[in-house]
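The data blocks that follow each hold one structure.
One chain, chain A, links the two complexes that follow: it is found with chain B in the first and with chain C in the second.
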Partner chain A sequence: MTTPAAVSRHRWRRHGTSYLMLLPFLALFAGFLVWPLANSLYLSFTRFDGVTAPEFTGLENFRRLLFDDDRFRHALGNTFLYVVASVGIGTLLSLGLALAFSGSGWPHRVMRTVFFLPSVTSSIALMLLWKWILNPGDFGLANTVAGWFGGRAVEWLATPGLTIPILVLMSVWGGMGYGMVLYVAGLNTIPQEYYEAARIDGATSWQQFRRVTLPLLRPVTTYVVVTGLIGAFQVFEAVYIVFRGTNNIGGVLDSGLMIVPYLYDQGFTHFKLGYASAIAWVLFVIIFALSMVNLRIGRALKEL
Partner chain B sequence: MRRTTAAARAALITGLIALGAGCATSGTPETRQADANAPAAITWWSTGGDDESAAFQKAADLYTKSHPNVTIKVQTLSWDDAYAKLLAASTSRSGPDVVSGGMTWTIQFGLRGGMVDLRKYGVEQLKAQAQPAQWKSAVSPDGTVYGIPLDMSTEALYYRTDLLEKAGIKEPPTSWDELTADIGKLKDAGVRTPFSIDWGNLDWIGYFNFLYQAGGSFYTPDCKPSLGTPEAERALSFWIDLHRKYGAPTDTVTTSDALDAGTAMVYGGNWNALGIDTSKPKLKGKWAVAPLPAGPAGPTTFIGGRAVGVTSYSKHIQQAADFVKYLYTDEAVDAVNAESKARNVSYLPPRPDKVADSPFQPQQSEVFAKIISTGAAAPGCPGWDESAGDVAKHLQSAILGKADMKTALGEAAKVMERNAG
Partner chain C sequence: MTAAPLLRLPFYLLSLTMIAPFYWMVITVFKPVTEIDRQPPSFVPEHPTLDNFYDPGYSPTQVNPGHLQGIFQRFQVDFGFGRFMFNSLVITVAITAGSLLIASLAAYVITKHRVPGRRLIFLMIVASMMVPWQTTLVPNYVIMRNLGWLDTYQGYIVPALAKAFVLFFLVQFLHSIPDELVQAARVDGAGEWRIWWRIVLPLLRPALAAMSIFIVLAEWNNFLWPLILVQSDEMANIPVALARLNSYFTGAQNQGAIMAGGLLASLPSIVFFLVFQRYFTRGIVLSGLKG
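Let's look at the complex of A and B:
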């Protein structure tokens, strides 16, 4: 009869080296991810200014955040609008580009490279470029081009109604190449026989797309949407670099205020690190819930 | 077995949270001081550019000459991430001995136990040498001195001499009425953008100048919000008119870019004066600076700058505080002035009597000295730092036509009152 101790010894002999080799990763994982996360969860229940000792306040940060903080609600509204627009438009355009440039000829390869380039460029450099393009008066490229066609100069960065459309434009432009590459990979896994069978059955191009391509791309779409959601909810550089004012991180009238810039503002310019931690955990819950909903929808559609 | 694993997992999570709780911060224990006579290596985190740090290093090296036991290393922090780095240093209670940054930073860190009260080390004797309003703004509301002014910055009117001449304007405007009249003349002469604001555009700093020039202020002397006054309304009304009636852009354009693109007059920070000829060589000889046009109550202009102080977690507080005091000596100010001049880097010393020797051209230094003599600094009232961003937003809503003037000022005052505690 084999005792549990003997099983344990056997397992250790068999896998011990593997566990030992995992140790460096586990140490880093615990030190730089698990520990800060646990710490941030604790801090979200405290009043902590970063210098003096944290004072436990229970759920006060969450109560204030959800019921008393107009600026947080404004940031939340802006973020949802931005996420829906950027992920929605970005996913559609990624799919469109993939359908247009999924071939193996060099013109398609060149186009794929061109659209993928922003994904491998430093986001800081890209944001500075956008800032330069959107400069007011006659210095910005956007206004210069508009001027060639008789258009009036627009104060892009000081017109609150334009802030979110500009942020969406920057996000879609920067991210659609990445989505395109994933969709192209997905398209290449669809067996050509399915299309041949559909054609024999008299399916039109649109019907082939709707009944064959889209359903078989569902795992890719789920991945593109979930990663897009996570990235969009965490938008920071675009707001911080392009729209930040001297005393206001969210641009004119907070028109570009999003959750993560607000978190940064509270934690690192107003010494409210406990409150900022609470914002971080609310953001985590939102992203987690939406990702779960998305995965469930994907699974439900698969079962149809 | 499964139960054991689950229990171990729960214990691990609980342990980590407890660890987090214990290690989040251990409060603010006193840092053990090194022997005052032992060699001290002092680190100064200087917010700004590398050239500025190099200029301060000159003063530090001179100090080391007379105090061979003390060596000082000036390290640059960029404006973008300095605040977060200083916060991280304060949290971990390890880092620099001396820090310099925004005027109110030393107060904010000091009120939380991160800075030393420099009164204990005799810095108040320097007050007489400093610009009074700026010194006041560096002092915390309860009178504690966590930092002293390291340099000054102010705002001036930059103008294109060729464009003013083209419009038949002989001298730059000296009053609000002259400013608006000149904008009209420049428009008539075909200048598309006669006027713009760089520093403080759509921000409380921009309003500050108009408010004080109209005879108003953000707070009463006993720190009650005072934005419900006729002066505050007059200032805001004038500011709104400059944007809506006289075409000042709401989007911010840097002074040099604006002048280069044909804007005739720009309100810009003093630091712009050194870079224009280098970055826009075709403007050489075509621009000059003047004080801001005065309002009904005078020409009062905003004075900002950086403050320098000693961290409470330094092991060499005595030596660091002595060095901070040294920065006000003739020897130190002259050294920083000279090095700044050599590196063409903007520096207005914290001592008004030394502004004439600053790196700017004599005419420019003269203008800045004149502005500084009647300048005012940011409000030092409790809650102002927390309010500034929201006050700016309410002012923006009036300029952009989203709220009427009285409502905007009323809402701004409410924010200030709420944050005053």
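Let's look at the complex of A and C:
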């Protein structure tokens, strides 16, 4: 016979253990993510140098950021240009690579490993390597190769017009292998019978690609594009390592200034922590919107 | 669907542009200082040497042309660059083990216990995956400073333990495991902690393997948070140490030692990947296509 009190004691003991097991994750999650997030929203409405107490200034940070700050506008423009170019080119090449090397034989496996290599290499090491390749001296690899084709030595990293193209190139080079792996997985889920049926109906290989492969790869494409966009908006290391000058994080004429490097510059070089928090929340809004698009498209596709 | 052989050719050529930068890195590492900025450059080191790791001909008091510090002589800390490799290793192992343990506990409760509030908790954690973590950078910096955790191992490790995407992945995985396995153990009188340790963790092994590869690579290469956290040379991880080399030494002749550092940073993660490649691609595909 169990009394009601015994039942509730028993239930508490059961749930007590459950909550105890949830506790480590939840406590750390609350302490280093939820609370900082709320705190950063508050700080974005203040002037805060990290030493004296934050001083509430209302929407002043956002007003300055959106209407008064040429550097931020420049950073936004650069970021959008970089994001669109690197994700567009990167996704096309990922798809091409997957179509070329989706087989299970060793040549394809080797090729896939080669293209995937940058994804597992230390990104700082890769950035230092690019900086060395683009060395302005005529012994630099880029200038040596340019020399073979009759070109003259170029100041790759000090020519503002080349900054975004170089950043896009580095991003595509480093990222296309990752998209390729996802596309290969997607390709392998398409039943061969679909292609046989299409062939029997007289479809050319272009028509098969256009009418069978591409539509069936749509969920993969959405995923590759959206995660690519989210990652590209957060670019930092390439700018910080390759283009940063002695007292200017964005490189020559701020030609490589982007959102996160600007956040770092304002927050941790100039210690304008309130202003940096406002920048962080602009980034938050952009990324959150992109993620919602991802969710909505994902759900719509599932309902089809 | 496979491409025609002729359409494949440009992609084989493209693979050369993948290999060439890595090749340039490796040959730079084994060139003596005088060969590094020579014009035209050599494409096979003519006098291969290990000086870029440690140059016995270098002396801080005596100028000796053709000799610069190797990577292990560049920092005035005990064990030189080895210290940063040790830091990176400690941090990576601690974060990987710790985050998998706490996430597996939470995932077990969320999927197999009927506790009030579990749906809400899970929803919040999933929603947090849409937040760019840089938003928490400033407040977390202030928290670390107030706790006195700047420049410490706990500053690296503790804020990095609660990983939403790991929990999400483990929850997905546990949903596919029948509740009967857990209930049978309960009937046999096993406690919840014992069930977690003896039944849930072994069942989760493939998921834990896939996640650990992601975490290891991310933490080994982590840069922005350590850049803000670390002040002394002693507490730098490898990426921060490399970034400092990049700021301290700008001349072309220093590139041998810098590339040697880059090689030491990259080799462990490349080898790790090649060994666990199978789990890795499966992990990407599972988290990407199901998530």
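Operating definition for what follows: the second predicted complex is superposed on the first by the 268 of 304 C-alpha atoms of A that agree within 3 Å, B and C clash if a C-alpha of one lies under 4 Å from a C-alpha of the other, contacts with A are read in each partner's own complex, and residues count from 1 in each chain.
Everything that follows uses one rule, which is that contacts are C-beta pairs under 8 Å (C-beta built on N, C-alpha and C of every residue); 3 or more make two chains touch, one makes a residue touch a chain.
For clarity, every value in this text was computed on a predicted model and none was experimentally measured.
Enquirer: Return fit or clash for chain B versus chain C, each positioned on chain A through the superposition.
Expert: clash
Enquirer: Taking the superposition on A as described, I'd like to know which of chain B and chain C A:D49 touches: first, second, both or neither.
Expert: So A:D49 only meets chain B here.
Enquirer: Which touches a greater number of chain A residues, chain B or chain C?
Expert: C
Enquirer: Looking at the overlay, what does A:L253 touch: chain B (first), chain C (second), both, or neither?
Expert: Only chain B; A:L253 stays clear of chain C.
Enquirer: Counting only touches as set out at the top, which of chain B and chain C does A:G245 meet: first, second, both, neither?
Expert: first
Enquirer: Does chain B (first) or chain C (second) touch A:L157, or do both, or does neither?
Expert: The first partner, chain B, only.
Enquirer: Once the structures are superposed on A, label A:T269 by its partner contacts, choosing first (chain B), second (chain C), both or neither.
Expert: Only chain B; A:T269 stays clear of chain C.
Enquirer: With the two complexes overlaid, spot the stretch of chain B among 218-226, 272-280 or 308-316 whose C-alpha atoms clash with chain C.
Expert: Looking at 218-226, 272-280 or 308-316, the stretch of chain B that collides with chain C is 272-280.
Enquirer: Take the contacts of chain A with chain B and those with chain C, and give the residues found in both.
Expert: Correct list for chain A: 34-35, 39-40, 43, 50, 135, 137-139, 268.
Enquirer: Across the complex, what residues on chain A touch chain B?
Expert: Touch residues, chain A against chain B: 4, 30, 34-35, 38-43, 46, 48-54, 135-139, 155-160, 245-248, 252-254, 268-271.
Enquirer: Once bound in the complex, which stretches of chain A touch chain C?
Expert: My answer: residues 14-15, 17-19, 21-22, 24-26, 28-29, 31-37, 39-40, 43, 50, 93, 96-97, 99-103, 111, 113-115, 117-118, 120-126, 128-133, 135, 137-139, 141, 144, 147, 173, 178, 181-182, 185-187, 190, 195, 205, 208-209, 212-213, 219-220, 223, 227, 230, 233-234, 236-237, 240-241, 260, 263-264, 267-268, 273, 276-277, 280-281, 283-284, 287-288, 291-292.
Enquirer: Of all residues in chain B, which touch chain A in the complex?
Expert: Going through chain B, the ones touching chain A are 1, 13, 16-17, 19-21, 23-28, 83-84, 87, 90-91, 108-109, 112-114, 193, 200, 202-205, 249-253, 257-258, 261-263, 386, 388-389, 392-393, 396-397, 400, 402.
Enquirer: Spell out the part of chain C that touches chain A in their complex, as residue ranges.
Expert: The touching residues are 1-4, 7-8, 11-12, 14-15, 17-22, 24-25, 28, 36-41, 101-103, 105-106, 108-110, 113, 115-116, 121, 124-125, 128-132, 134-143, 145, 158-159, 161-162, 164, 167, 191-193, 196, 217, 220-221, 223-224, 227-228, 238-239, 242-243, 246, 252, 255, 258-259, 261-263, 265-266, 269-270, 272-274, 277, 281, 284-285, 288-289.
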